[in-house]
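In the part that follows, the structures are each spelled out as C-alpha cells.
Note that chain A is present in both complexes that follow, paired respectively with chain B and with chain C.
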Partner chain A sequence: MTEPLVKVQDLQVHFPIQVHFLSREKPVVHALNGVDVEIDRGDAFCLVGESGCGKTTLGRTIMGLVRPTVGEISYDGERISGLRDQALLPYRRRMQMIFQNPYASLNPRMTVQQTLEEPLRFHKSELSDAEVREHTENVMVSVGNDPGWGSRYPHEFSGGQRQRISIARALMVDPEFIVADEPVSALDVSIQAQVLNLLMKVRKERQLTYLFITHDLSVVQHFGTRVAVMYLGTVCEMTTPKTLFATPRHPYSQLLLSAIPKLGRKTFVPVKVPGEVPSPIDLPSGCVFHGRCRFANERCKSQVPELKNYSGAQVACHAVEEDRL
Partner chain B sequence: MSTLQRVWDSNFAYQFRRDPVAICSALVLLAFVLAALLAPWIAPQNPYDPLQLDLMNSKEPPAFGGQGNPDFPLGTDDQGRDLLSAILYGTGISLLIGIFAVMLQAVIGVSIGLVAGYMGGRVDSFFMRLADIQLSLSTLMVAIIALAVFQAAFGPQRYEDLAIFMLIVVIGIAEWPQYARTVRASVLAEREKEYVDAARVIGLSRARIMFRHILPNALTPILVISTVQVANAIVSEAALSFLGLGMPVTTPSLGSLIRSGFEFIFSGQWWITTFPSVVLIVLILAFNLLGDWLRDALNPKLYKET
Partner chain C sequence: MALLEVRDLEVEFAMRGARLKALRGVSFDLDAGDRLGIVGESGAGKSMAAYAILNLISEPGRISAGSIAFDGRVLNTLPAEEMRKVRGDRIAMIFQDPMMTLNPVLTVGAQMVECLKTHRTISDGEARALSVQKLREVAIPSPDARFDSYPHELSGGLRQRVVIAIALLLDPAVIIADEPTTALDVTIQAEIMGLMLDLCETRGVSLILITHDIAVVSETTQRMLVMYAGRVVEQGETRGIIARPSHPYTRGLLQALPQRNKPGAELNQIPGSMPTLAELPPGCAFHPRCAYADDTCSGGVPALRTLGKRLVACHHAERLK
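Take a look at the complex of A and B:
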C-alpha cells in the first residue's frame, strides 16, 4: 500500500477561552479530540458533520492556519505540523485552500490580476512578467473566467464568479492538494452545481487531491470518493460515500442520514434523539455521543471508542464492535 | 482623463458636490494653503528679514480704519512688522507643523496599531497599555516639559533654529495613541476575514500581510482622524507658542503672533492679536468641518436621506 498524501495522527486542537487574567481556571474549547485521518493521493475526501463539530478546524490545522495542541500531521511522508513558517514554504506551494465566503476571501483593495499574481510571484519569483501573465490567463480560462477581468475589483463580481476567482487563485501555484472549506455553501443553489462541477473538472485535469469540508450530504454523494463523519471533534465513521449511504454503521451516521428529506417519501420519521450536542468546553467522558445514543451502555460512558475496520468502513463505536446494533 | 472622469463620477465626489459646507471649508483650506505657499511673492514684506522692519512703523493701526498707513493693510505689530505678511508666513508655519506632526503621528501610530492588532496577545497588551499611559498625560503637559527642557539645554539662540523640528517631534510623539487605537480597532476586524487567511495560506510574511493586505483596508478611518488631528496639532502648536514655548518671535507662527499682540490688547492695539486669532479660528473650523464631512461621507451606514 502506498503512503497516504496527508496523514493526521491523534490530532487535538484546543482553543483557550478568554477569562479574567487573575482567574485560576483556564477553560479551553476542545475543537478536535484525537482525530486520525488518512487522505490518499487522488481522493476527494469529504468531511461532514454538523456546525461546530470541528471539520473546519481540521482543514485549517492541516493548512497550518491553526497550531495543533497535540498530534502530528504529515504531508507526503514528511511531518509538517509544528514547522516554522519558513520551513513550511515548500509545502505551501503544494497545498492550497478555497474558502467558504467568496465575499470575504478576496481582498477588496486588490484587482483580480493582483490577487491571482500574488501567489505565483511569491513562489516562483523567477518567472518573467510575460510568463506570469500567460499563466494567469490560462488559469482564468480553465476555471471559466474571462481573462479580461484582470483589471477589475472583486466587488464587481457575483458570488459564483468570485468563487471561481478564488479557485483560480488556489490553482495558480499548481498545487496537488486543496482544502475546500464549504466552497459552495455561501452560493446560490443554481450556482452550487456549476462550482462543484468546476471543482470536479479541475480535479480530473490536474490530478488533484481534495479535502472537501461540507455539511451537505448530497454534495458528498455527488463528489466524494471517501467520507468521514465527524461529531464533536472526533471522527465517528470513515468510509466511501456509497457504503455510508447504503449501510451507515455508527449511530450518529444513521441519525445524520435519516435527517435527509427525500422526494416521494410520504411519511418522514426521523430517528428521535434526546438532548443537545454537549458543550465542547467540558466534554462527556467516554464516547462523545453516549449521552444521546440509544445503544449506549456503561462501557460507552467510560471508554473512548477507537476507529476500527469493519468490511469497508472504519467505525468508532463500542456497540458496533460488540454487535449490539 | 478617464481617471479624472471616474473621480468626478464617484459617489464620494458626488456627495462632496452636494454639500455646501464641505465645498466652503475645502475652498477656505485651499485658499489658506495657496496663500501660505505663495507668501514670498504676495506678501508686501518679508517679516523674517529684520532689515525690512522699521521700528518707526510699529503699532500702526489697520489701514481700513482711516487712520493707518496704506502700506500696512492690517496694521503692524510692536516691531513694525506688517501684520498681513506675518499672518501669511505664520499660516504657512502653522500648517507645516500641523501636517508634519500628523504625518509623524500617523507613521508611529499606524505601525504600532497594525502590529498590536495583528499580533494580538502580549504584544497587543503591551502597546495598548503604553498608549493608555501616553493618553493619561495630556499632550500640552508633555510638550511643555519637553520643550522647556530643550530650551534650557540648547539655549535660546540654538532653540530658535530648531524650534520647528522640536514642535513637530513633540506634537507628533504625544498624539500617536489616537492613530494606534483607531488602526488597531480596524485591524482586529480585518484580520478575521478570509482574505487574510488566504494570504497566510500563500505563505506571505507577516509584514507583507500587514502592510499589503490589511493596511489598505484599514485606511478609511485614518483619513478621517487625520483632518481632525491636523487641526489639533495646529491648536497645540498655537497654545505652545502662546505660552512662549513654541515658535520664537523672530519667525512667528499664528500662535506667537497672538501672544506678541496680547501684551498690547489693553493699550488699544487690538489688531495685533485679533487678526491672527481670526485666521486661526477659521483655519481650525475649516479643518474640523471637512473632517466631519469626511467621516459622514466615508461611513456608508450614515447615508443621508434625499
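Take a look at the complex of A and C:
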C-alpha cells in the first residue's frame, strides 16, 4: 500500500483559557481528543460535523497554523508537526488553504493582481516579473476569471467571483494539497454550484488532494471520496460518502443524516435529540456522545470507544461493536 | 377575506438621485393557520417583504405602492402609534440571529416582561408566571432558572427558543420568521423547526417562513413564493412547485442542489449571478442567466400570470412543462 499524503496520529489540541490571573485553575478547551486520519493522494476527504466539533481545528493543525498538544502529523512520509517555521516553508508551498468567507479572506487594500502575486513572490522569488504576470494570467483563466480583473479591488466583485479569486490565489504556487474550510457555505445556491464545479474541475486537472471541511452533508455526498464524521473533537465514523448515506452506523451519524431537510418529503419528521452538545471544557467521561445517545450503557459512560473496522467503515462505538443497535 | 392580504406591494429606495425598486408587485393571501414560504437568494427581496408587512422600512426606503390588510385593517397607512400595537402583539417576528435579537445586557426574563408590559396591563408576578410558562412551552429545561439567565449563558439553540417564546408571548395571529434556523446546526434546526410547526399547528398561528433553503420550505409550508431581484417569479402550492417548477429560475435553483445531481458529476449551475437593483437588465431580470431567453425576454417584463394552479412570471413558462 502506498503511503498516505497526510497522516494524523493521535492528534490532541487543547487551548488554554484564561480564568482569573490569580486562579490556580488551568481550564482548557479540548478541541481535538485523539484524532487519527489518513488522507490518500487524490482523495477529496470531507470532514463533517456541527459547529464546535473540531473540524476547522483539525484542518488548521494539519496546515501548521495551530500547534498540536499531543500527536503527530506527517506529510508525504515526513513528520511536519513540531517543525520550526523555517523548516516548514517547503511544505507550506505544497499545501494551501481556502477560507469560508471570501469577504474576509481577501485583503481589501490589495488589488487582485497583488493578492495573487504575493504567494508566488514569496515562495518562488526567482521568477521574473514577466513570468509572474504570465503565471497569474494562466491561473486566472484556468479558474474562469477574466485576467483583466487584476487591477481591481475585492469590493468590486460578488461573493462567487471573490471565492474564485481565493481559489486562484491558492492555486498560484501549484500546491498538491488544499484545505478548503467551508468554501461554499457563505454563497447562494446557484453560486455554490458554480464554485463546487470549479473545485471539482481543478482537482481533476491538477490531481489535487482536498481536505474539505463542511457542515453540509449533501455537499459531502456529491463531492467527497472519503468522509469523517466528527463530534466534540473525536472522529466517530470514517468511510466513503456512499456507505455513510446508505448505512450510517454510528448513532450520531444516524442523527445527523435524519436531521437534513429533504426536498419533496411531504411531512416534517421531527428529530428527537435529548440534550445539547456538552462543553468541550468539561468533556464527558467515556464516549463523548453518551449523554445524548439512546443506546448508551455503563460501558459507554466509562470507556472511550476506539475506531474499529467494520466492512467498509471505521466506527467508534461500543454499541456497534456489541451489535446492540 | 384572508387574515393577511398583501396587494401589489412596492418598496422604493431613493439612492443618489435614483429610485431603486427593492420590491415590485408582491401579492399574496395568508389564511389563519396557513404556512407560506418565501424563497430566494440574498438580495432577492425576501426580508424586504417581511419588513414591509410590519411597516419597518425606514428612510431612504418607503412603501411606494400597494396595500397590506391585516384582519380587515390597512396596515401601511396606520399611524406609527397604532402600528406599534400590532407589531409584536398580533404579528410577531423572529429574526435570523438570536444573539443579535436579544439584548445582551438584560436577562431573558426582563426582556419578556418588558414586552408584556408594553402591550398589556399586567402585574410583575403575573408577567413572570406567564413568561415562565412560555419558556416551558418551547421546551426550555428549568424555565424558572432560565428566566434569570443572560442570553450569553445560553446555547444558540436555547437562545432561538427564547426568541420563539417571546414571539408567542402575546398569542399572535401571524409569525414572520426570517431565516430562523440559518445560524443553527442541522440537528438544532430540525428541533427548532419541529417546535415552531407544532406550536403554529396547536394554536392555529399562521407562519411566513423566509429562507434561502428550499428543502426546509418543502417540508414545512403549504404554499410558497419564489423571488428574484425584487419580484415574485413563481407562486403556488409548495409541493407542486418542488415537483414541477414552471419558472426557469426555480428549476435552476432546484437542479443546482447537490441532492438533485449524480454524485461526482458536474452540478447543473445557473451561470452568472443575480443583478444588483441599480443594474437591472431590461425586460425579465433573469434573462441574461436563462437558457430559454430570447428577444421577447429582453423586450418586456413578464407579468405574473396564471398557469394551471400557479402564478408564473415567464414568457416561456409553457415550454418548461
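Basically, the second predicted complex is superposed on the first by the 321 of 325 C-alpha atoms of A that agree within 3 Å, B and C clash if a C-alpha of one lies under 4 Å from a C-alpha of the other, contacts with A are read in each partner's own complex, and residues count from 1 in each chain.
Heads up, the rule we're going with is that contacts are C-beta pairs under 8 Å (C-beta built on N, C-alpha and C of every residue); 3 or more make two chains touch, one makes a residue touch a chain.
Every value quoted in this text rests on a predicted model; they were computed, and no experiment measured them.
Enquirer: Should the pairing of chain B and chain C on chain A count as a clash or a fit in the superposition?
Expert: On the shared chain A, the partners fit.
Enquirer: Which partner does A:S166 reach: the first (chain B), the second (chain C), both, or neither?
Expert: Touch status of A:S166: first partner only.
Enquirer: By residue count, is chain A touched more by chain B or by chain C?
Expert: C
Enquirer: Taking the superposition as given, does A:N107 touch the first partner, chain B, the second, chain C, both, or neither?
Expert: first
Enquirer: Please compute the chain B to chain A to chain C angle from C-alpha centroids in the superposed arrangement, rounded to the nearest 10 degrees.
Expert: 80
Enquirer: Between chain B (first) and chain C (second), which, if any, makes contact with A:F122: first, second, both or neither?
Expert: first
Enquirer: Going by the contact rule set out at the top, does A:L65 touch chain B (first), chain C (second), both, or neither?
Expert: In the superposition, A:L65 contacts chain B only.
Enquirer: One more residue to check, A:H215. First (chain B), second (chain C), both or neither?
Expert: Only chain C; A:H215 stays clear of chain B.
Enquirer: Between chain B and chain C, once the two complexes are placed on the common chain, what is the minimum CA to CA distance in Å?
Expert: 11
Enquirer: Which chain A residues qualify as touching chain B in the complex?
Expert: Residue list for chain A touching chain B: 60, 63-65, 85, 88-89, 92-93, 96-97, 99-101, 104-110, 118-119, 122-123, 166, 169, 173.
Enquirer: Please give the residue numbers of chain C that touch chain A in the complex, ascending.
Expert: 41-42, 155-158, 185-191, 193-194, 197-198, 212-216, 218-220, 239, 242-243, 252-254, 256-261, 263-264, 266-271, 273-274
Enquirer: So in the complex, the part of chain A that touches chain C is made up of which residues?
Expert: Residues of chain A touching chain C: 50-51, 158, 160-161, 188-194, 196-197, 200-201, 215, 217-219, 221-223, 241-242, 255-256, 258-268, 270-271, 273, 276-277.
Enquirer: State the interface residues of chain B toward chain A in the complex, per the touch definition above.
Expert: Residues of chain B touching chain A: 193-195, 197-205, 213, 216-217.
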